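Naming follows writing order (A, B, C and D), and every chain is counted from residue 1.
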Amino acid sequence: MQKLSVQDFISMWKCALDRVTERADEFSRLDAVTGDGDHGTAIVQALTSSVDMAGNATEYKVLLSEMGFNVMMHTGGSTSTLFGAFLLGMSDHADGSELDGPQVVKMFRGGLEGIQKQTKAGKGDKTMMDALIPAVEAMAARGSNDICELFNAAAEAAREGALATKEMKANFGRARNYGDRSIGTADAGAMSWACMFSAFHEALAG
Amino acid sequence: MQKLSVQDFISMWKCALDRVTERADEFSRLDAVTGDGDHGTAIVQALTSSVDMAGNATEYKVLLSEMGFNVMMHTGGSTSTLFGAFLLGMSDHADGSELDGPQVVKMFRGGLEGIQKQTKAGKGDKTMMDALIPAVEAMAARGSNDICELFNAAAEAAREGALATKEMKANFGRARNYGDRSIGTADAGAMSWACMFSAFHEALAG
Amino acid sequence: MNTKIMTKFINEPENITRELLDGYVLAYSDKVALAAENIVVRAVPKDPSKVAIVTLGGSGHEPALSGFVGEGMLDCSVVGDIFAAPGAQRLFQALQLFRRDAGILLVVLNHSGDVMSANMAMQLAERAGIKVKKILTHDDISAGIDTPEEDCRGLAGCIPLYKIIGAAAEEGKSLDEIYEIGERFNQQVATLAVAMGSCTHPQNGATISELAVGEMEIGMGQHGEGGGGRQMLESADKTAEIMIGQLCEKIQPKTGDKVLLYVNGVGSTTLMELSIIFRRAHQVLAKDGVEVVHAKIGELLTVQEMAGFQMILAKLDDDHVELLKNRKADAPYWTTV
Amino acid sequence: MNTKIMTKFINEPENITRELLDGYVLAYSDKVALAAENIVVRAVPKDPSKVAIVTLGGSGHEPALSGFVGEGMLDCSVVGDIFAAPGAQRLFQALQLFRRDAGILLVVLNHSGDVMSANMAMQLAERAGIKVKKILTHDDISAGIDTPEEDCRGLAGCIPLYKIIGAAAEEGKSLDEIYEIGERFNQQVATLAVAMGSCTHPQNGATISELAVGEMEIGMGQHGEGGGGRQMLESADKTAEIMIGQLCEKIQPKTGDKVLLYVNGVGSTTLMELSIIFRRAHQVLAKDGVEVVHAKIGELLTVQEMAGFQMILAKLDDDHVELLKNRKADAPYWTTV
């Protein structure tokens, strides 16, 4: 797959919504151990608000900015801003209605930078960043023109990163207050992002 | 036993306090089914407030009136007024510091009249009256000069009366709101009065 | 009664009432004080030329009843132990403190223990030449809407009554006038309680009124003693409809009538839920053109940690509206600016 | 998370926030209104020449935060879903509504979600030329008294802050002046929470922060997220002593100092218990000659039906006392005469 159309892109998000919805309870359960038990609800809401904006969009920049603002209007919690900032960051780095491999990488890197304007959390802090950063890095490192392959790499890295959060101590978010007690449970946000990247790949791999 | 001294009388109440205290949980448990679960606490408090006033009393009238007012100052709930009225009613019908059989009956009848000024409940209404009325009637019917025997009769009648409340439907007190659902559980107040009459007899029988 | 591990922040069970009253008057010392054991009075007494409003009732229902002692509401609350009326002699002591030519209006909630204490205390007061009139509340409709007044319990409907007669007393109205205003309100107020889940008696650990998970009882009393019947838990909207329906049957509000609507939480039911319940009850009234002119959502009279609420509906005359809404009150748990 | 039979009076879980806000503004329509979805404002707006006080936070904590919108307190509360900060765009919508030359003071409780929404909304506001200043609350001391501010959560200490800065804004003080008054309070207030028993997330039925019967956790957060450490339940007096001891270590009140002491119930813990707790904490302060000049016992900020409470201690400067006690406030859940 050499080109990612807006419609392909939308189908990636729809697939993510489906897969995350199936596992929403698991994400809330993880959040209940070290947070407030609502991450499953939050991430489903955020994806729903994003997909709601898809309609018959034809252009990346506008679509992504509408998705971002809609998330930040209709959903809440940490997920709202982080997700919204990711979408707005992508919007700032995407043009036209079809992207090639390097452009896809650039767009995702833009999303990551958008989030990094809102949080100082980095790798090892036991947050969604432990899935997202490796995913984006893996896409860039793969340097392939096959977009499907890029997402395969991203999904794999996100999954590994997410699972690794289990042994970490939380430095950000509600889980931080648990101190050492946060060790032993994977981070809800990292797990849901891993699920999304895996769905992105699934949508493209067919 | 032909004469009941004030000291004998006080020992009856002390014995009642002991026996009721032992079974307080049972009375609260009964009250929890059809009332608010505090009758055991209430009746122990009332007896304690009564016995507290005993000190070195030498005379029935003053002792009983002090007992009655102390109960109505330091305890509460339905038990407070009913018990207080019983003691004040006895006070109105007792003189001196030693009573013979008929005088004892007269004093207890006075107590019953005192209560009857405060409540219209009669036999069959599933209240303490189902123990108290038969007890006083049995004392009068026995007409003996042996005071110990009077209380034996009273205790027997109170016990029977109290057990019979199990099959009754409550017409007074909190239990009334349960309607037919009050059937099947004995009345807490009737059971505690039966326990007291049995203790009165025990104290005199040695 | 299942005695279980107590999960309450208390010390010795027998000291609960004394300690909670101590804490209460320490926190609100500019408004309330203890005149004697279990007798809560205003920190700054009302002019003795005015009628005094006194009430009585067990503790364990906080903020009721003592939370409403203050300017424009109660002069005195005589407190019994948990769920128990205070003894007659204690109440008589309070009546002696408030002896005055204008008289005392004694508000009694219809519960066997309270009524007996009140009657006995009034007999003592009469002998002592104290002027006191009794007003009985009987707002519970769980026994059926045609049940005679003496068989209806007094629930949280006493609290708006305190505000109404408290404001009337503050204005200097006579004992008979205040009684008439209050009695008119009593005839027009109805309350219905629903419980879901039990509560623990804090002194003996007894679980009172055990309800299975997912069950509710409409018509519950406020000490865990039963009433209506049990049924499966319904949605907030359905529950609100059932309850406002029964209340309307009693009160019969017509288009254009002004009413009071309160949803009183009794313990662990959240304000979140109470607000959702209120919403639906209000919608039902609005649909019939009934105007809610005074409302409260909150905990006024509780039953330990029981889950559930009481819904109170009252038809208001113009003087009631005036006294409820436009007269200052400044009690620790009720303030009207 | 153990999904269990829901025992709450709700309708569809996803409608909870909307329905509870509907009920709330119906009940208190003379005081509050909805300006837009999830944006609660005063029914009668403050003069636009004065600084507006806006706050944000998740629902499920009723009466907080929207219960304190009203004369002399908040102008606006922007509400998120249960335990979730509102999105930045929703908050930005509210900031647009309150755009004024005098400026907006935005009160943010230090929680990751709230802070991120606030920062993002402020970036949007800045671009739109709206004058807004942020004040962050960080009163929780459970992370240790030397923990940097940015690592301390905002608990119920925000509520007296609303009263203080709300009164200052009502007086017509400038944005900088109000900020200074509020920030001075923020430096002198400390809160500690204790939980016993868990609570249920009303939308997904998750049991958050399962505690064994007879266990308590001092340092709990207000969404069931943990904090301090678990220990066996202590008596009311002992618990009060531990908590006021830790708060005093942070606040260091001296003989003659004036302080505020609140005991805020978070759910199913009764006012009875809270009063007993208050009593002991007050005694400890009094023994050291510290004067409690302002107190509250009640539910200001709740965590569903969780059992437990938050204790709030603050050293007050004279202007704080004045603004807290002697300035009118008329919000649905806070009235100062």
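Note that in this section a contact is a pair of C-beta atoms (placed from the backbone, for glycine too) under 8 Å apart; a residue touches a chain by one contact, two chains touch by 3 or more.
Quick caveat: nothing in here was measured; it's all calculated off a predicted structure.
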Out of curiosity, which chains are bumping into both subunit C and subunit D? none
Find the chain most remote from subunit B, comparing centres computed as mean CA coordinates. A
Using mean CA coordinates as chain centres, what's the subunit A-subunit C distance in Å? 54
Centroid from C-alpha atoms only, then distance subunit A to subunit D, rounded to Å. What do you get? 32
What is the shape of the graph in which nodes denote protein chains and edges denote touching chain pairs (line, ring, star, complete, other)? line
Every chain pair meeting the contact rule: A-D, B-C, C-D
Along subunit A, where are the residues that touch subunit D in the complex? 25, 28-29, 32, 34-38, 40-42, 45, 69-82, 84-85, 118-119, 172-178, 181
Quick one: in the complex, what on subunit C touches subunit D? 4-5, 7-11, 16, 19-24, 26-28, 59-60, 62-63, 67, 196-197, 202, 213-214, 233, 235-237, 239, 261, 267-280, 282, 292, 295-299, 302, 304-305, 307, 309, 328, 330, 333, 335-337
Per the touch rule, the subunit D residues reaching subunit A in their complex are 1, 3, 58, 80-90, 93, 111-113, 116-117, 119-120, 142-143, 151, 153, 201, 203-204, 206-209, 219, 221, 223-227
